[in-house]
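Sharing a structure, written as structure tokens. Questions coming.
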Amino acid sequence: MSEQYPALLVIVPLLSALVVSVAGWVNKRWCFPIAVAALSVSAWSSVGLLFRVLNEGVIVYKLGGWSPPMGIAYYIDYLNGLVLPVVSIVALLNLISSKRTVEQQFPDKTGPFYTLYVLMVTGLLGIVVTGDAFNLYVLLEIASLTGYGLLAMGEERAPLATLNYLYMGTIGACFYLLGIGYLYIVTGSLNMVDIARLLPPLYQSKAVLAAFIICMVGVWLKMAFFPLHAWLPNAYTFANSASSSLIAPLVTKVMVYVMIRLMLTIFTPKFVFNTLAVHDAVVWLAVIAIAMGAVLALKERNLKKMLTYIVVAEVGYMVGGAWLGNRAGLTGAVLHIVNDALMTLCVFLVVGNIVYKIKGYAFGDLKGLFAKMPFTMGAFVIGALSIIGVPPTCGFFSKWYLILGAIQAHQYGFMVALLFSSLINVVLFFRVFEIGFYEPFSDHEGHEHHPAVMAEAPLTMLVPLYVVAISLILVGLYTGDIVNHIVQFVIPKGFM
Amino acid sequence: MKIIGLIITVVTGALLIYAAADFPAWSDPASPASTYLSPHFIEKTMEETSVPNIVTAVLADYRGFDTMFETTVIFSAGVVCFFLLRISRREEEEPETRYYRHVLTGVTIQLKEGYKMPPSADFERIDAVWTPPDLIIKTGCRILIPFVQLFALYVIAHGHHSPGGGFQGGVILGASVILLAISHDLRTAVRRMSEKLIGILCAVGVFIYAGTGALCLLLKQNFLDYSALAGVLHVDPITARSHGILIVEIGVGIAVLATMIWIYNNISSAGRYRQGL
Amino acid sequence: METITSIRPLLAVLVSLLIIPLVVVSSRSPNVRETWTFVAAVAKFLIVLSMLPAILRGTEIVYTVVQFMPGAAIKFRVDALGMLFALVSSSLWIITSAYSIGYMRGLKEHGQTRYFCFFAICLSATIGAAFSANLLTLYLFYEILSLATYPLVTHHQDLEARSSGRKYLLYVVGASIGLVLPAMLICYNLAGTLEFSKNGILAGTAASPSLLFILLFMFVFGFAKSAIMPMHSWLPAAMVAPTPVSALLHAVAVVKVGVFSIVRILTGVFGIQLLSSSHLGMAVCCVAAFTILVGSFIALSQDGLKRLLAFSTIAQLSYIVLGVALLSPKGMTGGMLHIAMHAFGKITLFFCAGAIFVATGKKNISEMIGIGRRMPVTMAAFFIASLSIIGMPPCGGFISKWYLALGTLQAHQIGFLVVLLFSSLLNACYFIPITYKAFFCRPEDAMFENKVQEAPVFCVVPLVITATISVILLFYPQPFLRLARMMVQSITGV
Amino acid sequence: MTDLISMVVAKYNYWIYITLMMIGLYAMIAKNNLVKKIVGMNIFQTAIILFYVSIGVKKGATIPILEHGHGPNAHHVVHAVDYINPLPHVLMLTAIVVGVATLGVALALAIRIYNNYNTLEEDEILAQVREK
């Protein structure tokens, strides 16, 4: 069975999405269990794949039995071996947590919701696992289209925000497609490994340069890298909480994965860092991204929107780290894909719980929340500490590598930006804590307290939340193992 | 915004024009794209898949995995349109007055709120904005639709030997039903193909494709490796590939047919399944 | 040096974390809840104590939890200095727990379960910091301590608590993220390790003197818990916390972790060779001396008893930094010993302030005239403890001051000796009048005319114990003196 | 000069697709009406399809469907130069489908927006949002 894991990973959710869709017409109650089962199989296969990669090295799976570059093949190496479990597990946990929210928000449309949900996860997993540049585009479109559908179901402003996302996303995906076309026209191949093999003699070609630029801009659009981030905050804020807590942790991170894949596998570091030598400029762009994300987040008086700007800043972390051009920076970027997915999931699940109970997420709605929802807020504290970068949560360790990379690359601007954003994050989160903790203010002596009524979210929402929160600490503690056994093999040999 | 747009456009255009300098000239037979992979497809397709239409072979076999997701894209677009637009019965406000039309005589009766129509085949429900379809268009389309559908089936079935295949055929099939909705009204079309049927057909179409792939997997081959079907179909592996392509093309046809109608129904009525936007 | 691998340091850290679920579960029955706290405190003390013989034999106890990368791990190493600090804080936790019960119940404070939980976390972090073997572990526990103290500082949840909490975070967390974290990474980049070593990890690296200077001050100011000016102003603000918090955390655990971190930086990261050859030690001494004088002067003008104690603490902490930065063996011994001596003295003073507040509701010195008649035991303890802080016999503070003074002579720095003596004079100026007025002036407040009425017994007994210990330490300063000497010997070889 | 002209002529497919694509891109950025933006988006996508398909063209070659694939004359030798490159066609079939799907979703969103605000002009919608 284990040799079929690469196929099962994607196929099981795809088939299940179809079954869920039919179940939506026949009996709605079956949708949720089928979706959970499908994503569990995915999660199981992805973890199995990771262990196979650890034992055997790179795995190639030929779809349709055609060997690449004729047919499409899956390549699973250390990079996507690490990202796959993250994607599938994050999606699974969020799915379990979303049950009650979905029933509350659109009771009549649970069938299509779970169909889209599972399809979206299929798309994201496919993007990560595929070794074919064009196949990646198709899966990107699946993930995007389903994402638009999921995000648009929300508040009144959600459709407009999503339509803007759709314009931007389409431009991004089309740019990527065009870049792949440029590579195809000069190499004749669509397979990533094959392109990388054919490219070196063409490194001076203008077409390859343009292909790289177009692909990068496309991917940056999709990941909301500043200044191409304008679509993200509104689209994520106004969406329903079950969707935003799937999409916010995963989509930007998967796109960062695509960027690293483009840089490492298709174009190779030799081209990116030696032939092109624009990495300083990109790192400075990342510095601006981080700073602007932090400042814009500071302006918001609304928890969910504040978090979306933090997502924008975190994208800057990863792009900057990847473009530092050294081992520590890239390690930090890859590690941050994992960590940021988990911590963003954690805080968005918290928002989901709050919305479920309080029906609002503006700062004014958060008063007295530590008394009302102590467990949710406890997890929020852990997530926030991880985003701030307090040891031993995982956020600290990726930041550690990123800063180390910045120092080694003499990019002190990036180091300062990281520290600045950490400090701003302290302000951001403690501002929320303060509202939840102090308000409504007690009298002067602080002894008389109105007994706050506990209104905690149901267990199906709390358990996934705590799994994530605890995993933040565990991943932090096992950072050494992750780096030594997985991440260091991601980086090509001979890379500083 | 206009100036920003202009700047972005000019910069992007300049980059693309700059890059085009290194491209091979148009229709150059010696370009890498024409010399690297395509000769293999052109020369080996017949041997390997026994399908003369190379596009079909590449589409549904060499790159069949792409195509499966392509069908999924269509399917997800259908689901998204339904998810976003369809107004569920619980939310839908019934109009205060409803209209019923006697099919044979064309007499329309108006029902005030609270009154109900006894179930009867002689009356059909119509909307307030309903206008009688033009007789010539109505009759013309009625005659046309069967031929359109027949042609669609031909396009699907003959995809191996001539331009065509599941997508093209599916779209034509879908168009025939949409033609019915345009020439008559939406309610008529929905009576022929109910919403539930369409929704299920969409999924079934994609399921045929992905299920065929999964069947190969169960038969101890890689996913979508149709040669695994040789044992089931009692043919040699090459012919099995050809048959496999046909099966998935049928799946694609069904999925595209149903999704086209589904998207049309939802968008044209803004999810109310009534006449008029 | 001989090393033993043992899990005991980790146990000492974890034991107070493990009881937190039990505390939460038994929140409805306060007696059971407080029993758990006691169990943890005693267990922690015993575990620490069980390591003492090995340390006194000259061995070190090492335990690695996880290794992240070469030279950076969560790793514990128990040496003489860490042992000294852990002994002080774990023993005082037992006493403070008792005092907390008296204080919190006496004032019928809300949120007592939360209070005891975070107290336990703080102690874990303190012991963790004491036993950390490298800069990363130290930073980890330092941060945990900062954050776990926040709910304790802002316990009252009112406007005043909020503004103090903000100040606390801004200084303590802001400085550690903004200064310590980059400094630590630059160190790691330079030296390739963060493991404290006898000669200092930066010795022998290619760091330029100006970079070393910047790094040193990033650390000194970054560990803002040590309250070296200008990073001091969080400490007076943090006095809004309930008094047991001020007593244990702002006299012992939190502030001493800051100072302890600076001592580790000076001895383990830079190394005394490097510091003396580049004259960086002198620079730190000057900053510390400035803090001592200014802190003492400000304390003179305070009326709020706890604020006075806070400024006194600011000055006293810099004694420790000064002693170690003198780099002379006697001075270092005095500095390290002062960690213990000041702890016992200052905690007594805070206990007294709390006891007065519980019994009478008074916070200001001007309202305490004649209070000695009503609370003789408390005020007697207050007197003894203030003697210890001033550095007069018959109290333990005398020994550490004595060593510090010798240290300045040994380092041929007469100027700092003058600073020390002058600040002792200032200490006397602000402490002695309080006791004098308490016992010998006519009470203005009619409430003190009544017969003796002390605070609850849970408040009084702890402060009597700590005051007694302060006295005992003069005559029997072991094991603290021995530990400090061992540490100095291992660093300097003298 | 003649070189330049011959280069321009030899690669005219690229100029056409770039022009089309830029028209679409400009419309997407600069237009105020949401549906016009959708139209721009479609032009944009179509330009890329044109680009791909033009890659596949080969001088003197015909469509990639083998004549006499089966039957008595089946075993003649197939030369690659006689048939155009099938791969871009396959890829573009996918891109067309994606374009249609995106269009459907975009229209669905536009309808939702119209239901909410009764207009499709972006500035009017934003004015309404700001009022709230």
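By written order: A, B, C and D. Residues from 1 in each chain.
Convention: a contact is a pair of C-beta atoms (placed from the backbone, for glycine too) under 8 Å apart; a residue touches a chain by one contact, two chains touch by 3 or more.
No experiment lies behind these values; they were computed from the predicted model shown.
Q: Between A-B and A-C, name the chain pair that shares the greater number of C-beta pairs in contact.
A: A-B
Q: From the mean C-alpha coordinate of chain A to that of chain B, what's the distance rounded to whole Å?
A: 32
Q: Just the number, please: Cα centre separation of chain C and chain D in whole Å.
A: Result: the chain centres lie 71 Å from each other.
Q: CA centre of chain B versus CA centre of chain C: separation in Å?
A: The mean C-alpha positions of chain B and chain C differ by 74 Å.
Q: Suppose each chain is reduced to the average of its Cα coordinates; what separation in Å results between chain A and chain C?
A: Going by mean C-alpha positions, chain A sits 43 Å from chain C.
Q: Which positions in chain C are in touch with at least two other chains?
A: Touching at least two other chains: none.
Q: Would you mind listing the residues of chain B that make contact with two or more other chains?
A: 16, 20-21, 23, 31, 33-34, 37-38, 41, 63, 66, 70, 73, 76-77, 80, 84, in rising order.
Q: Out of chain A, which residues touch more than one other chain, so two or more?
A: Each of 134, 138, 141, 145, 148-149, 152, 159, 184-185, 190 in chain A touches at least two other chains.
Q: What's the contact topology between the chains, one of line, ring, star, complete, other?
A: Basically it's none of the tidy shapes, so other.
Q: Chain D touches which residues of chain B in the complex?
A: 1-2, 4-6, 8-10, 12-13, 16-17, 20-21, 23, 25-29, 31, 33-34, 37-39, 41-43, 45-46, 50-55, 58-59, 63, 66-67, 70-71, 73-74, 76-78, 80-81, 84-85, 161-163, 167, 263, 266-267, 270-271, 277
Q: For a test of understanding, state which residues of chain A touch chain D in their complex under the given definition.
A: Within the complex, chain A touches chain D at residues 134, 138, 141, 145, 148-149, 152, 156-157, 159-160, 162-163, 166-167, 170-171, 174, 177-178, 181, 184-185, 190.
Q: Taking the touch rule as given, give the residues of chain C at its contact with chain A in the complex, in rising order.
A: Interface residues on chain C, with respect to chain A: 65-69, 73-74, 107-110, 136, 139-140, 143-144, 147, 151, 154-159, 161-162, 165-166, 169, 173-174, 177-178, 181-182, 185-186, 188-189.
Q: Quick one: in the complex, what on chain D touches chain B?
A: Going by the criterion above, the answer is residues 7, 10-15, 18-19, 21-22, 25-26, 29-30, 54-61, 63-67, 69-70, 74, 78-91, 93-94, 97-98, 100-102, 104-105, 107-109, 111-112, 115.
Q: Write out the stretch or stretches of chain A touching chain C in their complex.
A: 385, 388-392, 397, 400, 403-404, 407-408, 415, 419, 422-423, 426, 430, 434, 437-438, 441-447, 449, 477-480, 483
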